[in-house]
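Chain naming follows the written order as A, B, C and D, and within any one chain the residues start at number 1.
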């Protein structure tokens, strides 16, 4: 990557977070903006909107990669809507565009994004999210964090590309 | 779905299965063909090839949805190669084209397919594969099977659409 | 491609053909089936349905690669629905899965398929369809045919892969 | 679209433009940046690089939606690389993310983007690019421009969404 480019960090998670998880997402967004990173997400509500709100409050750049056909579906804190018209296939672009991924809560869509990131060698930092095992052997590929600052530190220190 | 259409079952799994898992995949393919189902998979080697070999040995129809740009990448037991040129985004088509998914072993690509299937409400039957938990609560959405016959029975009995 | 595999020919075109164009599409489908080729299309109505109807009437295999999330959107003559959930991105899979493409009538979706086919080096045979020029120089890449038999002959004789 | 959002205009075209077409693309990029629009393109060389170079020289924001798996393929004037891993399917995201498209020169990939834009109701402004006819009737959907200023004016005045 060009050295002049800012780091891009993905924040992924569900559309119906608990209030605590939404607060975590907002803190993560704020912290990423303070640290000069660009935020990429799936562009919709819940964790995605909370993270964009946090980043916007600190003047950060926010990108939303949308599943549908209209930029109007983006949450109001997305500055740059990318419109794919490809449904869940956009999940792959969300994680591949990032140098690290922070996963907060989330449902199966988030799990698919975690899997696509790990498949692509992109580090995943987890906050109250999925864990996996295969044949009863735990898979420890998700880097655990206890709070938003730790998550952002780990994301910025373990970036791919 | 049109009543005349045959059921389509996806078999997903890694490119480097153990000999036992390859044997399981071949049995699953054979059993699906005997039961009149069409097999869809990612079209490459390992579990995908073993399942196609099994289905072919019983005269079944095999479809391989390929990530690359050429049908020549398909394993020799794929009768109908679907060429997407879309990389891992083809994983989504593999599971969405099926009324149920049988997962055998597999790595992160398989995990992404499990996640996309569950997100789409398509039943997933697991043989020696991933299991997940969220916030330390086990997610029991994957229907466990102990052998190939049980997997095929469960797949044919729990189909979506 | 494995020598045992049947040729796969795409038939592309609009959802609202004239009666004559629908008749052409049906003849093309019938002729492809008689000649042993598998028909792939976008799975919906109009030219796609007419071609599938023709192929089915001769016992041919028909594949519909669908833009949406359900196999139920397929026309009744599609035997094997491939469900992508990727909207118009499925157009690319339709043409890439074929060794040649027959375009009948069609609107901008068909034009996108013609362009993707030519970009991929897959021959396009045209029946009452688009023609293009660049900077006022005609582009003669589309192989013109005057009737369904000529179109099928040219498709089967000029296949890629 | 949120009123606060900047307009996003796509510049599409080939990787091997003539010197004059590259100059046109650079002027278009410069003019878009001066007028406050965000530039989106396919992120690679030729017309895409020239347009990004122009926009960058005026401090504009440039987005490159890449076909491959690495941001390193982006031309050096792309500030925000979106990595899709989806090959030519990324063409669809390039045009759908824009409120208008300026096409300069280009080969079949550009033609596919023109077709996807017109299919989505997104205005296309043409500078030395493709024209089409169907059944010998000219299709005048591409809005012709004679120079870069006219192209940018027409793009900004005819935006969709």
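The criterion applied here is as follows: a contact is a pair of C-beta atoms (placed from the backbone, for glycine too) under 8 Å apart; a residue touches a chain by one contact, two chains touch by 3 or more.
The model shown is predicted, which means the values in this text are computed figures rather than measured ones.
Q: If you apply the touch rule, which chains end up adjacent to both chain A and chain D?
A: B, C
Q: Can you check which chain pair, B-D or A-B, has more C-beta pairs in contact?
A: A-B
Q: Using Cα averages as centroids, what's the distance between chain A and chain B in whole Å?
A: Each chain's C-alpha centroid was found; their separation is 29 Å.
Q: How far is the middle of chain B from the middle of chain D, if each middle is the mean of its Cα atoms, in Å?
A: Inter-chain centre distance comes to 39 Å.
Q: Counting only residues that touch at least 2 other chains, which ones in chain D make the list?
A: Within chain D, residues 69, 85-89, 92, 120 contact more than one other chain.
Q: Which part of chain D faces chain B closely enough to touch in the complex?
A: Contacts found on chain D: 69, 85-89.
Q: Across the complex, what residues on chain C touch chain B?
A: Interface residues on the chain C side: 1-2, 5-6, 8, 38, 40, 61, 63, 65, 69-72, 74, 76, 78-86, 89, 92-93, 96-97, 120, 161.
Q: Hey, which residues of chain C end up touching chain D in the complex?
A: Spelled out, the residues of chain C in touch with chain D are 86-89, 92, 105-109, 111-112, 114-116, 118-120, 128-136.
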